[in-house]
Each structure stands twice: as structure tokens, then as C-alpha cells.
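Naming follows writing order (A, B, C, D, E and F), and every chain is counted from residue 1.
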């Protein structure tokens, strides 16, 4: 029995609130249960130096967490003087995932920076970040089309992510914090709308896993991601 | 005529939402018009080294801004590797203001860290931070009383702040961004519930000011702060 | 009775020694009693990026303190790897104050960097820095005129500063260290030669202050600054 | 046809040279083809603060690359003033992988720091690091046993890793640099001697992958890792 | 003919002003011609961790330069976020030189930090620093004796330093800036009062030198240092 | 009697292995007894900003040490966030020494960066670095000639270095670690093939030295360097 009463393969209630802040070209508050993240997509003209003259745009991401987004207060990275290893790992994952969903050759001379800032954490912040950022990115790209700066939206489809894991020998989907901290294995899966996978990152926290367990987790993740993509699409119905 | 249609001495709509996030001992979303800030108060046992054995508690503050809280994206301080001068100045001001409202000798062996994170900026973020943080602090201190860790709440009263300025020769209260960026003079005033002042920081951005102008601005600030303290009190009516 | 035997509204002996070092375009040793600061003004061609093509010059400032300028040794900021919050706050104040005294539109394509380095501290280092820097700046600007690089000196007049405070309930002017560390309230005032104020920064260290106390402090500061400006002018009589 | 003439599922020649340097408790030069890495295991008494009093030891890892280990020179991280995101990601992976192979409860009050320094890079540096570090760790742990500091070696078995990927639609094992830089998908698999998986990290660089492709890659990786574990074991035959 | 009209083996006028600032236990302004440096010696109880329980004291040094001590302004190291290589090299040299002049076993449980801050530079700042610091150190040690904290002064004798070099083929002593920047070879020599050498650092800037040239430079340096030690002694005649 | 059984003026076995790694234009493993260093020379087009348009090339150097190159593990400088003072001092010395051996006016528009990374330390790492780097540099320069990018090799001759010192009153050459850590005086000498000296850095660690001792050490160093240059030349006989 899960603390939330969910089925083993059931994701938490996912709520995507668009236009959450007023300045960004795309701005979303994404909630996976008690995990809440502000995802903004900011458009700037120009591309990084290593892409100059290559005729493509770029998408990058940064991730942060408010110091008291968690049970006990974490020190502020700006005070520490650097982003931690976990932060860098997550923001690299977010950026790769978003780039996989966009035809960069059709993005013109634009760089889009996606900021995912966790204001309340209850497990799965990286997968919620990707799922929310996909919608913020879609809004920012649509704005470029509406403003006539791009001929068409270069997004190939939605991208979403979910965590799966094995807890007390049972595979479960979309772990909340108390589940995550006790799980033997934790896996994050990022998938495109077309069912192809972008990232699979499985880590045995306690007990290494078999290939059979891996396959059960993958199936569970694919189902969960399909549910999230449905919610992403629904959120975009109104302009 | 002000962009918002406000009177010259009228503050923006101030909304204080308590229990905004679930982990912090005090957690407030404060809105001054379009300025929105999450203020959390985190309680930790122990005091900084310079206070060890002195029989008093401590209150400190940190300030941050999400990269896209503003019209154009600012670089993330954690990426820059340090907090900027403006940030340090603001968080020192917030901390001093809150300490002035609390009897530190009655705070026991606790340190309270207040985090003010701007999620949307439209001028007056430092004064809104102080005004929201005062309520988050009150909640955290009340929690210590309820839990029996403190005999009574050591807060002497509310502390609130507002900005005043001179725009086109006219003194105005609680400047929003378009006013602030065009003002000749900008002054931040922090005041206690008893009418005594904690901080007065007037800066001539463009044209230096006379002592008469200073006094008009001070009167305007005192009136504005009284209005904010009324709203702080109202927000605390329900537990 | 003050430790120095001064009247409550009497500033310390202020001595301004010009041409203190040989390389800088303007170089002053300023003494406010036992506070001693080297203020140099360095002229460089060009302006910061954000001013390119705007047809104006720029003035910036940096502040430092030798490790043993104080009673006990402070760690060196270059060793710490960053300037502290207090340092950043002071150098931002110095720069704003100096810019208020200069018509930047008439400064041409020059940036002037003022360095204020405290070699001995006894309270009031920020106000002494501003008062000394004003003379160093005047010298550097005159040099540009003499060399034919500017048609006329763009300085609107002197700028000077003094601290005032309340100690044991009594307002006093130009606090030395033992007074400053015991004062209930500390206020720094920066004023132009024409009597207009550039900065007013009042902070209740211990006991918040009333508006009446604020006004007494302001009057005292204005008188003190007039005395300092007299000394600035006298120091410039000889070339 | 692969550049090296290898079969698609064939790993490169793996050579493990023990006792490569004289000071470390475990010291290995590992070669995967032209990739060469020095792996040292250093034993120190004591554990990190978060483990004090928990009755277990700790294993951590650091990763570096000589500036000219690669085709063009990379800047030195010590000069940059920080480790890059890729470095942090890799060293976290190495440490997790090694910890999964050791019974930390039987490690006593010791911390073992494994350093993996790439002196020549030709793809697969993270998987070669793990495979070499496993042997260096075994040597260091054996030394503790020989010296009577541990009753028995707490290692559960070898841990090894290999990369697999899809290049031009064909799955291949143990990619060298020219293959890696052109691959559509890159996956790193870390496995224990008992066939259980510790880490699976698949990333679609170019084209997202299907679950069928994932399974082919996994099978290939399992076979490759078995070959590497055979070589690890052989290397330990002589003391 | 030297710019100053000096003989080839003649040092610049050296003036040592003791008690230059009021807070430090030892405080000296040392002038070698137009090079001016404030040297302070600060006494603190306790020793660095690596000396705990070894029954000896410690002497360390830090070096800095005001940004406009030089012809053109140098950036401030505290702003750069680190001390440069030249600074670190110089302060290590100063510290080693001073330690060589003191019997650390007789220094008790004290650490003395010597700060050498260049306020005006005209060549030879490291040698002037050592020569001035020796006197500041003597004053600080005498103070410990006078206060009864040490039974006797642990200084073995003065230590002084001078630069020598080869300019246009001619060896010269105590180079000023214009000489130094044109010299083929630059050598710094640090010597004790008893004629023994502590440091010899010769560097061929342009043209490598012969052993004969080295010996001429050494003789010249020894004579110059004797002159400086005479001035150090004279400066200490009055208390 | 020396631990290795060497004569007092005898250097350790010096072995220079060229083409040690495959990517760098010059790559050498240099061994002085148990001291082992990888020296690579990397060629890049262009020169640093301060040399633009001056018609000369540039040579720079960086130095590092693997964390476990030493008896006990040193923390990694990339983790510390900066290079230490000793590292900066050594890499500045290496760079100056190499530049003294090359006619920079004939180096064209190239910058050569030499990396010296110590993989095993047993004393004399800076002198071994210089001696090995000279050969790596020669190889890189020859490659530029062979590729037709330079008309002729701009190297004036070999440059080599050795340490000498006084141990228990006896001068000895090429100190290994146990000797170095006990020596009263340590001196590093860098010399060109033509017998002229580039650097002489003598430091009294314990007991200051006389000029007679200095001269004995210099003679010993010159002989040792001649032996090293013989080995450098021999190593270059085959292409």
C-alpha cells in the first residue's frame, strides 16, 4: 500500500498552470502531487559561440531549488559559490531532453533558456521539471511563430519524464519522497510523444537489479509518461 | 497620473498568503501588485559561533531572484559563482530589519533563517520582502511557542517597509517598476508597529533632494507602512 | 562628554593631503581624526559596455581596508576570494555619491575609477572616503582639462559625507569607533555643496528612532558636511 | 565494419597493470584500447561527518583528465577554478558503482578515495575508470586485511562497466572515440559479477531509441562486462 | 649613468618610519626611493593546526598592492577573486625570509602575521617588504617581551634584502622600475645580519647569465644589504 | 652515504620516453629515479592578447600533481577551486625556463602550452619537469618544421635543471624526497646547453648558507645539468 493510496503504476495528480508569471515567453507551474516547480522559457536572439554560423538554434536549461523547498533547509548555491554536482547533473539532463524534442535546425538564430526552480520538493523534481518545461517551451516557441519570427513551431512533439523504482521488491511509478528515500532502485525515464526513449537512467541505491526488473520498470514508466503527455496536451488546448 | 491609477500616497494591493509551502516553519507568498515573493522562515537549533554562550538567539536572511523574475533574464547567481552586491545589500537590510522587531534575548538557542525569493518582480522587492518576512517570522515563532520550545513569542511587533520616491517632482508611495526606473529619488523606509524607524535609505538616482522633500517622503512612507501593518495583522487572524 | 572632548555637533580634525602618491591622476590622503584613507582617482579612456555610444563618461569606485587597519586583524579579502557584503555596499555608495557630483554628459569618453583604501580605521571610513575621494576626483578632472582632453571640469561642486548617530540618547556628529560601536542609531549622510542630499542611510543598531530624532541628526549632519566642504575647498587652493 | 576491425559485440583489448605507482594502497593503469587511465585507491582512517557513529566505512571517487589527454587541449579544471558538470557526473557515477560492490558495514572506520585520472582518452573513459578502479580497490582492501586492520575483504565481487551504442542503426559494444562521437545513442552499463545491474544510463544523442534497441544494447553490454570481469580476475591472480 | 645618478652599487635612500599606524603590534612605513610599503606585524595567540603541540610559534606573511600603486591601474585582487601567482610567490618569499631570522622554538604559542601592502611602487617591492617587515617584526616581538609574554626576543638578527641585476651588460644594485623593466637579469638576495644567505633568486629575463656575472651580483647584493641593515638598526635606536 | 648509494654529485637515473601519449605534438614521460612526470607540448595557433601584432610566438606552462602521486593523498586542486601557491610558482618557473631556450621571434603566430603532470613524486619534480619539457617542446617544434609551418626550429638549445642542496653539512646533487625533506638548503638551477644560467633559486630551509657553499652547490648543479643534457640529446637521436 502506497502512502498516497495510489496503485503501483499510478502517477500522482499532475497539474500544469500556464502563464504562471508574466515576464517569460513561456511560464508554467507544474505540480506532481506536492512537488511544485516553476518552469520558464526565455528567448534570446543569438546562439552560443560553438554554434555560430551553423544555421541552428540552441536550447539550454538551468535548475535550482529554493533553500527551504525541502524538509530541512539546504544551503543556497549562490552562497556556496557554485552549483552542486546533483544540480549540474539535473540541468544537463533537462537540456538534453528538451533538445531531443525540437528540430534545432528550424529554430533559427535563437537560444531558449529554460529555468526550472523547485519551490516545493516531494520527490521526482527532475522528471516534473522536464514535463513542465516541455509546455513552457511549447508556449515560447508558439510565441515566436505568432510574432512571425519563426515560420513554424520546430517542436517535434511533447517530451515527458517519470521516475520508477523498486520499493520492498515491488516496482512502483512516480515515487514521492518517502518512497524514493527508501527505494532499492530508482530509474528516470524520458520519452517522446512517439514512444521513443531519450534518456534511461537507472541507479541501484541499495540492491542491484536484474534485467527483468529493469523491463518491468520501463513498461511502467512508458505508461506513466503517456498519462503525463495527455495532461500536457490538455493544458495547451486554451491559448 | 500613475500607471495603475493610484493616488500618489496609495500603496498597491498587498496580499499575504500564509502556509504557501509545506516544509518551512513559516511560509508566506507576499504580493505587492505584480511583485511576488516567497518568504520562508526556517528554525534551526544553535547559534552562530560569535553568539555562543551569550544567551541569545539569532535571525539572518538570504535574498534571491529567479532568473526570469524580471523583464529580461538575469544570470543565475549560483552560476555566476557569487551573490552580487545588490543581493548582499538587500539581504543584510532584511536581516537587520527583522532583528529590530524581535527580542533576541528571548529567542533561546535558535537561529531563524529567512529566505526571500522573488518569483516575479515589479519594483519594491526589498520592501515587500521585509513585509512578507515579518509574517513568516511570526508564524515560525508562534510554532516554537506552540511546541513548548519558547515560553512566549519574542516578537515586539510587526515590521514593515515601503518605498517612496520623487517622480517628475512629485513624491509618490510604493513605486512599481516603471515608476522606479524613472524616479529622481528612491527611498526605502522600514518601520516598527510602534511608529519607530529601523531603516531609512534615501538615494538620489538622478537629482539630489532637499530636506523638505525628504520629510514629505517620510510622512508618505509612514502612512503606507501603517496600511501594510494592518494587512499583516489581518493575515494572522486565522491560525 | 565625548572621548575626544568634542562638542556633540563637532567633527574631528579633517586633514586632506593632496598628491599623496605619484602615479594616480588624483591622489589624496584624508584623515578624519585617526581614520586615514588613501583615495586615488585613475583615468582610463573608454566606458563600460552598457554606456557605449551613449555619449557620457562613467565614475566607479572600489573600497578596501588593509588587514591591520583595525584593532584586531581582519582577513584579507583577496585571500578570502571575494569582497564581503559590507565592502560591496560601501563601494556602491561611494560611486553613487561621486556620480551625483559630476555631470557625466560632460565627461567625454572617460571612466574614472576611485580607489579608497583604509590604512587606519577609527570609525566613519565610508564618509571619510567620500569626502577625500571628492578632492581626488577634482584633481583628476582638472588634469583632464589642463591636458586639453576636456573643455571644462564637469564637476558640479563638492560632495562630502559625515556620520551622525544617537549615543545614550544624545545625537552626536562624526562618530569615532568607540562611539560608533555603542550607538543606538547610526546614520550616514551625503550632501552636495548646494545643500541637496544624495544619500541618507539611517540604521537602528539597537533602538529604533523617531522622526524627530531623525531630523535632529539630519541638521547635525548638514552642519558637519558644510565644515568638511570648507576644508575640501581650502585644500584645493594651491594647485 | 568498425575502425578497429572488431566485431560489433567485441570489446577492445583490456590491459590492467597493477602496482603502477608506488605510494597508493591500490594503483592500477587500465587500458581499453587507446584509453589509458591511472586508478589509485587511497585509504584514510575516519569517515565523513554524515557517517560518524554509524559503524560503516565509505568509498568516494574523483575523476580528472590531463589537459592533453584528448585530441585538442582542454583547459585544466584547477585553472578554471572548478570541476565541470561532466566531471562531477562521472565521479559520482564511479563512486556509486564502487560502493555497490562493497559491504560498507564491513569496511570499519575507513574511507577509501579512488582517483581516476585519464592520461590518454579514446572514448569510454568512465567505463574504463570503473573497471580499473574495481581492481585498485580490491588491492587496497586486501592490504587492509593483510595488515590486520580488517578481518576480511568486504568486497562482494567485481564491478565492471562498458559502453554500448547505436551507430548507423547498428548496436555496437565499447565505442572508441570516432564511433562515440558519431553514435545516435550512447549507453553506459555498470554490472556486478553476479549479473545484477548497478547503473544503466542511456542517452539519445541524436535519434531517440526504442525499447527493443535498448534490450539489444543491454544484452551486448552484459556480454562485454563478463569479458572485462574475466580480465579483472586474471589480473589479480598474482599478488 | 643611472636615472637617479646613483653609483652602480649604491642603494636608494632607505627610510624606515616606525609606529606608522596605531593598531598593529609592529607597524612600519618603509621607503626605498619612490617605493613605499606599509609593513605591519600582528600577533595572535595560537598556531596553525600543523604545528599544534610541537612547542613552537609561527610567522606568516601576506602581500598586496593598492590598485594604483603602479603607473597604470591594476585590478584589485579581491575583485578578481584570487591572489595572482606573483603575489603568492612574493608572500611565500617574505614569510620564509622572516622565519629564517627568528628562533621559532622560542616564539611560544604565538603566530605573527606580517602584512606588506605596497602603496607606491617603483621597483624592488619584495626586497623592500622584507627589509621593512624585519623591523615591524622586531617591534612586535619586543612588545611581547615588554608585556612579559616572552622571556626574550627570539629574533636572531635582522634580515634584509635587495635586488641586483644586469642592465646593458653592467651589474647594478637596487633597481628602480625603469631599470628593472629593461634589465637582462634580475636577482633578489635575502641575507641575515651574520652574512649568511637565506634566499638567492636569480632570473634571466632576457639574456642568460654566467657564473661570473652571478658572483659579481652577489657581492654587490651583500654590500647593499649591509647598508640596509645599518639603517634597520638605526631605526630601532629609539623605542 | 646517500639512501640510493649515489655519489654526492651523482644524479639519479634519468630516463626520457618520447611519444608517451598519442595526441600531443610533443609528449614525454620523464623519470628522475622514482619521480615520474608526463610532459606534453600542445601547439595552438594565435598568441595571447598582450602579444598581438608583435610578431612573436609564446610559450606557457601548467603544472599539476595527481592526488596520490605523493606518500599521503593531497587534495585535488580542481576540487579546492584553485591552484596553490606552490603550483603557481612552479609553473611560472617552467615557463620562464622554456622561453629562455627559444627564440620567440622565430616562433611565428603560435602558442605552445606545456603541461607537466606528476604521476609519481620522489623529490625534484620541478627540475625533472623542466628537463622533460625541453624534449617535449623540441618534438613539438620539430613537428612544426616538418609540417612546413616554421622554416626552422627556433630552439636555441636544450634547457635542463637539477636541484642541489646541503644535507648534514654536505652538498649533494639531485635530492630525492627523504634527502630533500631533511636538507638545510635547497637550490634549483636551470641552465642552457651553452652553460649560461636561466634561473638560480636557493632557499635556506633550515640553516642559512654562505657564499662559499653557494658556489659549491652551483658547480655541482652545472655538472649534473650537463649529464642531463647529454641524456636529452641521446633521447632525440631517433625521430
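Assume a residue touches a chain if its C-beta (ideal position, glycine included) is under 8 Å from a C-beta of that chain, and two chains touch if they have at least 3 such contacts.
Which protein is which chain? UniProt says A, B, C, D, E, F = Ribonuclease PH.
Just so it is clear, the model here is predicted, and its values are computed rather than measured.
A.B. asks: Please report the minimal path length, in steps, between chain E (Ribonuclease PH) and chain F (Ribonuclease PH) on the chain touch graph.
C.D. replies: Step count on the best path from chain E (Ribonuclease PH) to chain F (Ribonuclease PH): 1.
A.B. asks: Under the touch criterion given at the top, what is the topological distance in steps from chain A (Ribonuclease PH) to chain E (Ribonuclease PH)?
C.D. replies: Graph distance in the chain contact network comes out at 3.
A.B. asks: Which chains contact both chain A (Ribonuclease PH) and chain D (Ribonuclease PH)?
C.D. replies: Looking at chain D (Ribonuclease PH) and chain A (Ribonuclease PH) together, no chain touches each of them.
A.B. asks: Could the interface between the copies chain C (Ribonuclease PH) and chain E (Ribonuclease PH) be described as same, meaning over half of its residue numbers are common to both, or is it different?
C.D. replies: same
A.B. asks: Quick one: report the Å distance separating chain A (Ribonuclease PH) from chain C (Ribonuclease PH), using the average Cα coordinate of each chain.
C.D. replies: The mean C-alpha positions of chain A (Ribonuclease PH) and chain C (Ribonuclease PH) differ by 51 Å.
A.B. asks: How big is the gap, in whole Å, between where the Cα atoms of chain C (Ribonuclease PH) centre and where those of chain D (Ribonuclease PH) centre?
C.D. replies: 59
A.B. asks: Can you pull out the residues of chain A (Ribonuclease PH) that are in contact with at least two other chains?
C.D. replies: Residues 81-82 of chain A (Ribonuclease PH) touch two or more partner chains.
A.B. asks: Could you give me the chain order round the ring, chain C (Ribonuclease PH) to chain E (Ribonuclease PH) and onward?
C.D. replies: C, E, F, D, A, B
A.B. asks: Could you list, by residue number, the parts of chain E (Ribonuclease PH) that touch chain C (Ribonuclease PH) in their complex?
C.D. replies: Touch residues, chain E (Ribonuclease PH) against chain C (Ribonuclease PH): 21-24, 27, 34, 36, 38, 40, 42, 44, 62, 64, 66-73, 76-83, 87, 113, 115, 117, 119-121.
A.B. asks: Going by the contact rule at the top, pick out the chain C (Ribonuclease PH) residues touching chain B (Ribonuclease PH) in the complex.
C.D. replies: 82, 85-86, 88-89, 91-92, 96, 100, 187, 191-192, 194-204, 207-211, 214-215, 218, 222
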